[in-house]
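Just below is one structure, and these are the notes that go with it.
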Amino acid sequence: MNTLVLLLILFFGGGLITYFAYKISKIIGDILIALIGLTGAYLFFQIDIHSLVSIKLAGLRLGLGFNGFSWIFGLLVAILSPLALIYSIPYMKGRERLEWFYMLFLFVIGAMFGILMARDWVSLFVFWEIMTWSSYLIVIYSRGKGLDKVGLKYIFFSAVGAYSLLTAIVLIGATIKSLYIGDLINFFGVLSLKNQLLIGILLIIGFGVKAAVMPLHVWAPDAYSSAPMSFTSLFSGAMSKMGIYGLILVVINMYLNHGISSVGHWLAWFGAITAVMGTFYAIIQDDAKKLLAWSSVAQLGYIVTGIGVGTKLAVFAAIFLALLHGAFKGTLFMAVGAVERQAGTTKFSELRALIRKMPYTFISTLIAVIALAGIPPIAGFIGKWMLYESLITDGHVWLVVLLFLASTAGFLYSYRILFGLFLGQEEDDYKDVKEAPVLMTIPMLLMALFLVVAGTLPGFVFKPIAQSMEALGFADITYQMSILTNSWGDMVDMTYVAMALGVTFVVFLIVITLVNRRGTRYVTTKDIHTAGEPPSEDDNYHFALDFFKPFERAIAPVFKYSMTRIYNVIGRGVEDFFQFVRRFYTGNAQTYALYVVIFFAILLLLAKQIF
Amino acid sequence: MNYVLNDRESAKIVEFIKNFARKNSLWVLAYGTGCGAIEIPPTMTSRYDAERFSVRGAATPRQADVLLITGYLSVKTLKRVIRSYEQMQDPKYVIGFGSCTINGGMYWDSYNTIKQLDLYIPVDVYINGCMPRPEAVLAGFAKLQELIGRGQANGWRHYKENLEWYRQNQRKLIKNWKMPDYNW
Amino acid sequence: MTFWQTLGAVLLTILIAFISGLFYMGIRRKVIARIQNRYGPPLHQNFLDVMKLWSKESNIHHGIMQHLAPLWMIAMGVSTLLFIPIVYNSTFWANFTFKGDLILLLYLMVFGSLGFALGAGQTGNPNSAIGVTRGLSQMVGFEIPWVMALIAVMIQYKTTSLTDLVAWQQQHHTWIAFQQPFAFLAALLVIPAMFRYSPYDIVIAPSELASGPPSEFGGKYMGLMMSSGSIFMFAKLALIVDIFLGGATSWLWMIIKTLSLYMIPVLWSAINPRYRTEQAIWSLWRWPLIFAVLGLIIASV
Amino acid sequence: MADLTYENKVILEMREHFRDKIIETRVQRERRVVMRTSKDNIESVLLFLKEKMGFLHLSHIGCVDWMEENRFEIVYILWHPQEKINVLVKVDIDRLNPVAPNIDYIWPQANTYEREMREMFGIEFEGLVGPRELILEDWDDLPPMRRDFDTLHYVMENYSFRSGREDAQNVREVIANRTGEEIPEFAKKYSR
């Protein structure tokens, strides 16, 4: 059997088997999902990029198969999903309805592979919807307070996306009489401008929902932070990249390759504003999950900007950042999940000083945060560098300024994560917190290791990206193992950066450790300068509330004059719409499915009359 | 090589250099205990300019070298002073400032101020007067520098060696001893 | 250039930057003392301070991150210095200048502060954390006009490489400060914030935060911090000299230019009180930002 | 001669309103009115002075230890911002059972004064909230401001003196001997 089909069967069939396996025994189920995850990764690497499966179904010609470009996203899914699954085993231990959770989890992974494999719009849409519904059910899996609203928000926006996707697909079917993605890309130039814009923008909305681009981002922070963290690492790390995948398909393959760059530039502006606002909102959060969720929105903004600008280096940077975002945000969500599991909360105002209790979690968080902030020599810097250079060399100065603002303000929440969770004054409440189980720390540490290696020798990552770029239609992709170059010929050699930093660090580490070694001692965090006041047992001077209050005061007008108004108008409109929609949304999944079917049927019926 | 490093003469030279640096860089902990603290601003600012003698302020005990006990010390403050002193990094020096630190001064019969500072923390230099004028303070610093240069300002070592005796005195006054342990 | 020559040049550069940085700080203390009608400490006072701090006989740390904290600073200071061209057209003093560009430097320059912030955070002292939040907020304030000024220069000269900028200025016998006056003005107004001198000394703020982030650092940790601070200060000055003031053809010129440039934040700080955090951010987003926007518009037109 | 109309008016009005609950009213000097009331009426007197008479500001609460008469005298000093007049309201409480009403609901700043008196004189205020320690720390002796607390004895017991201190004796006596002054009988006992 073809490996493509095998891969899909593995996840969808495996999902069903897992359901029953968990009914029988938890241990069998745990082993099974780890095996499925690893086998999936193994099968993925066995896939021949050029293999193609054609299925004829009810008059529709469906095709499955990777191309060079979707393979790179498949790589992300294939590597991240087994790690997330392995991480999930100890993380979810003791929770109810595990069979349900893992079945949906595997469905999501399978659907993501399906989306990347899909060569025609129908199977893409089917897998897209499987992914959406499974993830929706996982979001509301925890049955917490207020989750209904979160789920509703998510499914509402997903429905908007799905409907616009569907409309676009119907339009495509009506105009070019072929549902193959490749056909649309080839014949896109032939279409009338009206159709070009309509199809493209509908597709952008459809994909943009998953990529959480600015007006459509409302669902993301809540949904990311409400799902179990083991799933969120995949949700934010890989699933949001499906939206990015679609956006690249539309912006690069359809528009840019047929000479239309203005749509992309508009999208770039949306991306930059998303980055800034996402960062600002991340700064004012008190919950680590919420912070990371907003930060995901911001990071996706960078990627969208890169795609929108559409130059060679920019798209290269966007894909690189998309891969990296999968790695570091996956790590961060895993780390926060580990903290949640071990310490019981993720609120900055409650947590403090876990560094001595959870050192491995701290190290992986540290590296992931450095990557997030884009500081050399960790890999995040490379993506940022390429993005900035591409924008500067291409003359998009204001976009660079916006992104720089977002990135500098990003240091604020980067520090917040590390300080809020791991640093500060130790608290007796967390005296007995232990390091997370090995199965949880290993995936985090592996990804952190990847980030370090990719920082100094990014060529390993550049290689598959360059291949995918060629599949996208960019010619002359050159890359070197550790040297980055922009179109003006300026370059950065990452080995020198790593060497300068590393050698100085190590030399002075030796110096500072050896000098006066006998007189150096460790004191507890209670023994601090407090103007001589000896702190009593129950005193804790940890600083966590209103952490960035001065900064909030400084940027208050931004919230007050621009964002709040837009947000309120949108929010109020959306809320009103919710009230209206609520009547249709009975909370029963079957009813929703019925709606989709009815809508699809109506569209098909009307399509002939309209076009 | 080994011979050179262990040589007493070279150890002496190293010690001389260290003492030279120490005496020419006195960072004073900004900790005003009594009314004498009002003499510190004129000492530090334009009029008397202690900085030309390499004396400058430090914000926290971790950075400071000199603890200046400016005047009377109530029992409540004593607890804080001991803690601040123990948080300072060796070598550290104490200057008792004003007659209150020497023998109680005008508070000799107060129920709540200590009469003799060197029972509780080791004092390297006393400056008498009530208040000592900034000139006297500068003279005190000069004396301290002289002692450091000769390697005789060893109050901190004395404190370490006789910790039990000091603790006994301190505990006699501070009844509710809830201080973190001083692990050397 | 053999390996040993490069290594020698690197070490010499670091040494000269260290010595001149400490002397600059001494000059600053002297200048401020003279402004306040004081005699002031001797010029070599900072050397004595560093020596004394290294000769402390006991040192404490609150955990591994605090132990590592000054190391991030010195790693940043040294690597920043190595990527900045000091002497124009000199193969011996080239260091790593051909291996990096301005964007790298921008990010490299926050490496140490963030690493140090982690160490400051681990001390458990609330003052440290407050100082860090202030510093980060202020960083957002000054990075925006600063980056805009740099981008203006970059797009005007179509290069992001410092060596190219220096070469252009040397070949045309002019300074970018004259070619791009608005960007230079913006950079100039931002320098006090970059050096965290008054009125932008909200991070250290000795009277309210007890010196902020370094409040738990003493002895050798403080000593290494002062050493790295002097190197990094020289690197920052050299960077601005390279971008706007035409670089230097010899070490002497570099020292003259950096020292005169250094006098600007020093004199400005000598007569200023301290801002509050949001005031600092807003003051940076007023005139510097206006000049930077003007510079950017001129450069991109 | 100073104009004492408002001072007299205060007294008249208070007398009229409180009748015999106010005792010993007098104008001590210009802008200073002294009156005495009992422990049970002090709250209503203070409230009346604040709400009706316009003595909005509580300047101070003091305490005097009249050991021989076996009473504490608590003095509330109020200030009229418009007329610029002080009123001193005095209350006697029993020294053996020193309990006084708490008035920090009238003036919040009274809380600190009351805590200080609780610490220094051992006077309990009914329903006073706040840590017991204000200035002293870990004090387990008699409240130090009481006159029967022997300061010198306490000092000699707890602190040691450096030898050579000449005036570690009765200063009052030394000075009196120097000038040939005669110390009154009551002062001899409590002149420390």
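In this document, chain identifiers A, B, C and D correspond to the written order of the chains, with residue numbering beginning at 1 in each.
Here is the rule we use: a residue touches a chain if its C-beta (ideal position, glycine included) is under 8 Å from a C-beta of that chain, and two chains touch if they have at least 3 such contacts.
Computed from a prediction, not measured in an experiment: that's the story for all the values here.
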Message: What's the minimum number of touch steps needed to get from chain C to chain D?
response: 2
Message: From the C-alpha centres, identify the chain that is farthest from chain C.
response: D
Message: Taking the mean of each chain's Cα atoms, which chain ends up nearest the overall Cα mean?
response: C
- request: Please find the two chains that have the most C-beta pairs touching each other.
  value: A-C
Intercentroid distance (Cα basis), chain B paired with chain A, Å: 57
Query: Distance-wise, how many Å sit between the C-alpha centres of chain A and chain D, to the nearest whole number?
result: 70
- prompt: In angstrom, rounded to a whole number, how far apart do the mean CA points of chain A and chain C lie?
  reply: 35
Message: Where in chain B do residues touch two or more of the other chains?
response: 60-62, 79, 90, 184
Field: Per-residue multi-chain contacts in chain A, two or more chains
entry: 519, 521, 523-524, 526-527, 529, 531
Residue numbers of chain D (touch at least two other chains): none
Message: Judged by the touch rule stated earlier, which pairs of chains are there in contact?
response: A-B, A-C, B-C, B-D
Contacting residues of chain B [partner chain A, same complex]: 31, 60-62, 79-81, 83-84, 87, 90, 178-180, 183-184
Message: With touch defined as at the start, can you tell me which chain D residues reach chain B in the complex?
response: 135-138, 140, 144, 149, 151-152, 154-155, 158-162, 164-165, 167-168, 192
Task: Mind listing the chain B positions that touch chain D in their complex?
output: 75-76, 79, 102-104, 108-112, 114-116, 119, 172-176
Statement: Within their complex, chain C touches chain B through residues 29, 33, 36-42, 45, 48-49, 51-52, 55-60, 206, 210-211, 214-219, 222
Query: Which chain A residues qualify as touching chain B in the complex?
result: 519, 521, 523-524, 526-527, 529, 531-534, 536
